[in-house]
């Protein structure tokens, strides 16, 4: 099934800080729900190992994440794909950052697709769960941004 | 049933002998078969609607304790031949495991063998397959387009079959008719979905060179197909027919499962078992049913008389074709339904798409076709402002018209459609029903009456094969029965196929008992294995009452004749003077001169000197039955006698819909049913009720729905909705018996009854309910949400 | 792991993996094959058995969860070799089945219902079997079987299950 | 469909259960298992350990606490279904329970299990939100409670902290002229609802609504209270037009979900209808009628 991904998030941090966080594999690893490992494969390309868990539902995934079409510090495209015991998924989203008086506004939009087992038996709740996972990502990102720069 | 007096046992309310073992849980289902040292198979399926298999990493799975083997499609293809298909489509090969390319989400790619099913599933999880996603097509009309993605590149097109038949002067009749209408009807992809999934156990004995097969099967020529695909003589395949099948209604055809297991057990040297789990069954069991798009045109007069019809039926068969495209062929034998339509043009199109493969479903394409026909009849009435009941009366074939030959060449055997309709209406007044409907409407409910008249062609032959594939020359389709009386006089009859709930043992016992005038309970009925069997089909095509019943009848007649001859000889009278009655033979002229059963048996078994000269000793007879009226191939213009018998059913129902919710509820259900002589009333009633329930499912709830990305999203019973006891209303059946002249007892088929008219009646009722809003729907299943949205929109439009 | 089960009045001490369902334990370990797997996700009801007298889906219970409970399967309500309970006999009388796959579960549901409610209405019977899918019969003859059994049991003074 | 391997523990009390939960972050509590086991069978859920709380006696009770009715989290739905206290003091729950699955699943399913799985269509979750139930939990180190409105976060997602086990659920009992209404629509009687609605009202002596709670389920990620409608209708006579208007307005901006069985628009529209019907039933019930199931 297809998922529309899109929304707006605001951050207290300045645009450069948000930009660098989003381009930092160490930060991404902390923010991507269930991310166990992120192994660099090339420029802005990483292998992902996920152990995803939402309430009782969970499974392991292997996949890839890549960043492209970068226009620092405001625009970038993120592509994620993975497959595992629960099924498979891909997602491509573009985000743009705009400086705000008290931080940064992020607009993002794109499309995801989920197939395999969860699509076959769990469509009823899949969108809600996906939304929650995206929310988790931003919650974690905020936490990372709030942490002192290492 | 006024005809019962003709019979002693037939048509009487007798118990069904199979039931005793089922109520105590002692059925012999395939999952109950326990073969020593048996291992278990689980499957790895493709998650994408189309994908190239780039690599398969089996190492992690093979390294697990208790795992014996991981089989891929390439190896299996080396060792086996492709599965049999019906059409000549050599570039659309079908195999148990995908080779190079997987063509639907859920297709089997790898089979894992382990000590237990749980371990096999653990190992299946550990198999890593690298795929390259490929473009796919799901929609049948899109698949027909020239620039469509191809499901099978080598075939060059997605069209497997596109054949147009013209029977009669269609153009002339259309030109002459003052009125025409066009209608598009969609039948959603559903199936029979038995509660028992498909299962198979195979065991190869290399010293005897025999493959033993126990399967939950309902498949003609099953052993032939196993032998062919595994490249062993069919005499090396021993299919055990004494396996109880937990429901089938057409779909239990697991040939791919069997070839897979047969290969594995030969390769590995131990028995293997594959019992589909529900997910495997739903997505990759290749047991989906028709998904059909009808475009129908009718030419008719101001009086509602339909003169001619054009129908295009477009079938989305899924990724591979077994026999499923033939489901476009069977309806040719009843293409005008119960109506006197003079001419017909029929275009049958089958396309492949990236969906799960289909199998035969109850009615073999007839029920969807009946929806199309019956919707057209209702629309004819609508356009003329006539009552649909009146329009039917004007078009129905009359009893004096029988035998009646329809434009496509089949002769309907017998019927009295109007009489049965009158019986139903005498039971439940149509005028009262209309008043009830109108009263509900006055209270703000949507309410509609649905009527449907439908035929059940029965006694199945395979003529549709030759009709759709001229290279097929199959013209016979047999069933057999053997009767042996042992040395102490007990009777044992054999039947030579599995059974899936139709009560065949009871059928055989009843018919033999009737002919021999002996209590049917005295007749033991067994099912030997395929190596001990006479040629037989299976309970497909609503044929067993006619074919197995016929074979049992004829075999019993042979036995009776032999007993009479023995008796006459022993009594020293000419055979024509001897009378057989209830196991004894007496002299017509001196009824006290009689010889008893035990003595007849004694003579046949041990006193050859008292036998008529040259007569075989013993009391063993058999009969191989050919389909009555069968045996001819189609003419050049595609006319052919299809099934020998046509049962008739007339449904009249009342449906209510709360306009705010859109959920249809069946408030009243009446059916008139005529399947000729009823052999066992309890069985026929059950079949009809079950068929109606199945029809309710297809009309309202059941669909193997796909999302636009090619995922089948009704894989569990939480999304594929089978009717429960709440969804099936009380049904009253009004019986009529119009015997068939083509069968031994006047019987016709009833295995598909109810199902053939229920969806049409429901579709008509829902449309009648929607009529005051000026809207209509011709897409099944009729989901509450879709109806609710339509009703809301129409209501808003009306208000504004 | 070690699990003690009481099935049809007999105590069993078994060694099973915790993940083994009660259904698989009954079928594979105890060879009580009257309970059937239909969907294995708790919808079809073919696996129904009685746990402490109440109809329960045995596919939705792992064997260790059943420890200490009294389990009754269709084999346990069958009076003896070749004998039928009044409920089983009523199913035969009305032909409340076809393929027989859902039948043992239906019989058990009927036993539980009639033990609780000796004179159920049609609606109560329909409700009681609504969790058990039968694909063959359209339910009419099953409902009739249970009503017939109830009627006969009321007239016989015989306790349900005897 | 065989579950992935796991370990099994049957703790004697909730403290032991919490200790076991804390020791293994792959562990899950199982009570009736009617939601969890199907997920395990499909291998959507793969807990490393099941902690079976079904036999913990201290978790199975229905207790009258005066202005509250308290349930142990492990109380089975079939016991609630037959309980006189539930029928007399929480008639809304009594209306809702027969809609949960089938008798055979209610025989095993528990109140805590249903709530913890947070299915957006779950009847008990809807009742908990309607009545402002409080969910009590324990972890290895602490006890806590969450109001139902904060407990449900998304489909299958709750605010329950890691390692927590629900211990009790407490429902306020309304006094006075109280009436309830519960409606749901689904394809088949026992399926997950497309939309559901619950209402409870307390009428003043003059027949106006002194207090009213309305909530809808199955249409969004969590059960939703229709606060705006409640505010609007309090103090009124609950005329059908006013109720219809109020619930429709309250649902207008809610993002509803769509699936194979029901469109988002259908859910919004039908939820409004059901909510209005539930309020009408509640009013009639409070005026002395029987509550409809």
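Letters A, B, C and D name the chains as they come in the text, with residue numbers starting at 1 for each one.
Assume contacts are C-beta pairs under 8 Å (C-beta built on N, C-alpha and C of every residue); 3 or more make two chains touch, one makes a residue touch a chain.
Predicted model, so just to flag it, every value in this text is computed and none were measured.
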Would you kindly count the fewest steps from chain B to chain D, each step being a jump to a chain that touches the current one? 1
Going by the touch criterion at the top, tell me which pair is linked by more C-beta contacts: A-B or B-C. B-C
Provide the C-alpha centroid distance between chain A and chain B, rounded to the nearest whole angstrom. 50
Once you find the CA centre of chain C and the CA centre of chain D, what distance in Å lies between them? 30
Determine the centre-to-centre distance between chain A and chain C, using the mean Cα coordinates as centres, and give it in whole Å. 49
Chain D: positions in contact with at least two other chains: 1-5, 42-43, 189-190, 192, 260
Of all residues in chain A, the ones touching two or more other chains: 85, 117, 121, 123-124
Two or more partner chains touched - positions in chain C: 17, 19, 40-41, 127, 130-131
Counting only contacts in the complex, chain C reaches chain D at residues 1, 17-19, 21, 24, 40-42, 45, 48, 51, 54-57, 59-62, 64-65, 67-68, 109, 127-128, 130-131
Quick check: in the complex, which residue numbers of chain B touch chain C? 15-16, 18-27, 29, 31-32, 34, 118, 192-197, 244-249, 275, 277-278, 500-503, 682-683, 685-694, 716-718, 722, 724-726, 728, 730-731, 754
In their shared complex, chain A is touched by residues of chain B numbered 47-48, 105-106, 125, 279, 283, 707-713, 715-716, 718-719
Interface with chain B, chain D side, in the complex: residues 1-5, 42-43, 185, 187-192, 194, 260-263, 265-266, 269-270, 273
Chain C residues touching chain B - in the complex, by the definition given at the top: 17, 19-20, 27, 31-41, 43-44, 46, 73-75, 78, 84, 88-89, 91-95, 97-104, 107, 122, 126-127, 129-143
